[in-house]
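Below: one structure, written as structure tokens.
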Amino acid sequence: MCRFTLYLGPPVRLSTLLTEPQHSLIRQSYESEERSEPLNGDGFGIGWYAPRIWHEPALFHQITPAWNNRSLQSIAKVVCSPCIMAHVRAATPGSDVNLANCHPFGYGGYLLMHNGHVGGFRKIRRRLLESLSDEAFNIPRGSTDTEHLFAVFVDELLRHGCPVDPGAEGASGLGALELARRLSAAITRVLLLSKELGGGESSVLNVAVADGSHVAVSRFDSDPEEQPESLYLYHGELYEPAGRRFPERRKDDEGEAMVVASERLTGDPRWMAVPPDSMLVLDRRAPPRVLPMDDLGRVVDA
Amino acid sequence: MCRFTLYLGPPVRLSTLLTEPQHSLIRQSYESEERSEPLNGDGFGIGWYAPRIWHEPALFHQITPAWNNRSLQSIAKVVCSPCIMAHVRAATPGSDVNLANCHPFGYGGYLLMHNGHVGGFRKIRRRLLESLSDEAFNIPRGSTDTEHLFAVFVDELLRHGCPVDPGAEGASGLGALELARRLSAAITRVLLLSKELGGGESSVLNVAVADGSHVAVSRFDSDPEEQPESLYLYHGELYEPAGRRFPERRKDDEGEAMVVASERLTGDPRWMAVPPDSMLVLDRRAPPRVLPMDDLGRVVDA
Amino acid sequence: MCRFTLYLGPPVRLSTLLTEPQHSLIRQSYESEERSEPLNGDGFGIGWYAPRIWHEPALFHQITPAWNNRSLQSIAKVVCSPCIMAHVRAATPGSDVNLANCHPFGYGGYLLMHNGHVGGFRKIRRRLLESLSDEAFNIPRGSTDTEHLFAVFVDELLRHGCPVDPGAEGASGLGALELARRLSAAITRVLLLSKELGGGESSVLNVAVADGSHVAVSRFDSDPEEQPESLYLYHGELYEPAGRRFPERRKDDEGEAMVVASERLTGDPRWMAVPPDSMLVLDRRAPPRVLPMDDLGRVVDA
Amino acid sequence: MCRFTLYLGPPVRLSTLLTEPQHSLIRQSYESEERSEPLNGDGFGIGWYAPRIWHEPALFHQITPAWNNRSLQSIAKVVCSPCIMAHVRAATPGSDVNLANCHPFGYGGYLLMHNGHVGGFRKIRRRLLESLSDEAFNIPRGSTDTEHLFAVFVDELLRHGCPVDPGAEGASGLGALELARRLSAAITRVLLLSKELGGGESSVLNVAVADGSHVAVSRFDSDPEEQPESLYLYHGELYEPAGRRFPERRKDDEGEAMVVASERLTGDPRWMAVPPDSMLVLDRRAPPRVLPMDDLGRVVDA
């Protein structure tokens, strides 16, 4: 499994997610509380957007554990961003720990990360690859299920003519709802293959995607008897767990803060559990929405 | 490109290839002489057989350069083997430096390593994968040309019912000539795809395979106007570049020593250039043979 | 803290300690049972002797966790040795995770590894370094307590004119008892400094040293109210946890097997707890001895 | 040896030093032109200041080569800074490649990096450490000459009551000239020891220090017969090698740009060689000054 967190709102330092909170993501890398196995030490990754500087997000990946990485701790203090994704990995037994496998995965202006697994992945991988356009076919650089799920997501973007680089000057992004639909469509394609060829294994698909201004996150388990992996949302005026000196604000940095995390980062009572089998839709200029997902991952009334 | 070396003969310490010779493989990692670009610093790998201990070879891969690796220097002094492969990598620009991409690649009792590239690899990759059995399809864990060439080689072994584990008790190996034929067949399959879809790019295929008792190595460039990458053979009574204390010999450790290397490891006049477009066939119990290869990589009169 | 294991006896594959037992050292790297914190993921190291091949032991160190290292798993299957040390590290908070800090530490033919900490190390480090000969002064390459303890141990060897390279041809080693005395003397020097300047912090000193033929291991806590870290000894005819194909034996490979480990590797009832505040003295040609240590780490009636 | 570059001026993206210029620092990592040995592949490090966000600089260190690091390439595009240091390392033979050894080194708000070596370092190390305050004594985490030179520099800062955190709110920094004097004093201390105990080996000391607003850089060789390592200064209105989209400017981001580099990053004729045996003194609010250094590294008429 894995743990992840993401942020959308006025720029904050990476450390407000990664190191400062009492139950920060780095703490979850060695002492997560809502998984049977508390360890997420098989590498980590951070993606962040700096829309005034560059149209693509930065990606910082390492195959060493997050908890002892001095560069991570140092960078987290001086980098501010309005849209952040961070992930600590627990590799499935037998699967590789390579830089190519570290989440989040990036394509143009999009990021994706995942906590869970695709049921019967080895059995569906060949058919899944066959279904992809040539462009998407070349996306997986390693052999994990998430890389292939990401390729399906990009395939969905390309099929629908979505802009590859929504942050580029003059480009107009998808909108949060459209982003959620593309993620949902990718999930459905994977689930249909898994049902057909996956030998009855269920899928766990807590998946987050972003384009810098919008975010969609699913909390989903294909087995109706099972609770999905945990997922929480914080939504409030300002997310500032440690009260340290804050970066200077500009007019356009206003707005509410939204944080999503596998486990609550702080003891703040405003953290809410995301309902099982649903998709969060986040837009910096609107309140969060929750869309129910059906048993094939389709967002029902979007 | 890359540099590699291999050994077949009475057990020697890894250091006799890697560190002791004047122009050792480690020296070739930062100062190779027969490439325009002298640097091979994108990770390394060693594979070695210990037939009295285990039926599969050991694989030691690192993504850091060979020249500053203390573990490599230390292990090289205390490990002896009758069949060794070692490789220092220069990643193609844009290609990953991951553990999954480090040569040599292993499957059961077989090893393969490569110096060169497959012409138009990105364009043929999809068709190449389609041609594989399910077992071989799952072999590439990363995205490089050599991993896919290796999958084709394993596909050839499986198609011909070759034993997966030729070193296992009771198993009888292929024989050196049969090993060379399987490598040749894999090369031909790749070249045919490259000619059809590769957009005219030529292939450079210095490829070595081993099963612990036998070795086949090609020196090949699909462009008839070009010299293939350099390749040399040493064949003699005893290969002992530095004259240091040698491991104790047993009766069955006798026989002649054969060393193959991208660049001569020592100034010894017995190093001979392998003829262009040909395949070396090595067997511990016979003198080395050289088979000419035609323009599709077929060994002509084997 | 950390976990470690060591072996002395007829040659066995590294895997018999590292991967095959039910509660192998690799399992202890993520799920140790006798520490409050189960995680030992800050790098690992293996040292092993190959006396017929080279007079110094091999050292294989990595800063990534042991549990996902493919090279480690592969090497462990094909390497046999009569004297093995292996260590998985849990770095003290704030301390570095560097190759220079990985146990075991080597000097000539000696190895040392440690589970525990030196009380008030930062406060005594300067005085400790001042007490060393120039040769020993240059031994620590990093900044951890164990590196400095190792320098004191080497200082003790050099002061007493012990052979630096006991495995070299013609050299005669120390003998197990003498090795234990040198370790004890080093511990006493460190404890005296710690009592004087360490600000009352106690020391935990489960320390193992070896020269290839002999081993000494302490189980010690300087706080008389505390139990030292756990430590166990297995002593029996043959240590073979998984019953897999064993390397061929020679006449001189006979003798009993001794395994020491922070936590029992198997459910075998022959594992015995080492008594608190005592030193194990192991010699391939004699039964294990246990010497009590006084409150300054001195072996009492040796 | 090594190669380095630094920047002081209106905020630029890291990529304007690291990847965009024709002869960028990443290019110098594998193809430097003004050293006999072109390779600087033993790790790298970047330090950058973000004064509106945090009072200490970020440090990003890696032990893998700079040329194949995807995270470096990605981060370089989205991070802007008014004061940047970047270093690619060529470890002295026999010296470690550890994270602890990567330049630049940081203490509070200061950074230091070095191209060269301290003559007879092993012979003077003990005396050098003895001369340090307890605080500075604990600075070296590894065993290289530069870490010890950095400890002497910090010792000089502490002796003169310089603010540890010149970027913190309310703190007033040293001023560029004072920074240069502290560096000069540190160099002199090291040279005096080297002359006394170093066995006649000369020192090469291209050393850069920064506090976020000021920079001092020496170009120095203690052997009067030798040219120091190369060093160049660019000073101009705007440093923008690749003309790509630039981050938005604010009023206070104005001022001239200064770039210092071991080798010229571009073909621009404004690059000037720094005179041998002299110290550059850079302040964002004043033109660059060059102070001559005498044979003990003292800045003559400061």
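Observations
Letters A, B, C and D name the chains as they come in the text, with residue numbers starting at 1 for each one.
Note that in this section a contact is a pair of C-beta atoms (placed from the backbone, for glycine too) under 8 Å apart; a residue touches a chain by one contact, two chains touch by 3 or more.
Just so it is clear, the model here is predicted, and its values are computed rather than measured.
Looking at subunit A and subunit B, the chains that touch each of them are C, D.
Two chain pairs, A-D and A-C, are weighed by contacting C-beta pairs, with A-D ahead.
Inter-chain centre distance (subunit C to subunit D, centres taken as mean C-alpha positions): 40 Å. Taking each chain's centre as the average of its CA atoms, subunit A and subunit D sit 38 Å apart. Note on chain placement: the centre of subunit A and the centre of subunit C lie 43 Å apart, centres being C-alpha means. Residues of subunit D found to touch two or more other chains are 70, 96-97, 99. Within the complex, the subunit C residues that touch subunit D are 96-100, 122, 125-126, 129-130, 134, 137-138, 140-143.
Contacts from subunit B toward subunit D in the complex involve residues 30, 39, 41-42, 63-65, 67-68, 70, 91, 96-97.
Chain contact summary for the complex, subunit D toward subunit A: residues 13, 48-50, 52-62, 70-71, 74-75, 77-80, 99, 169, 245, 247-248.
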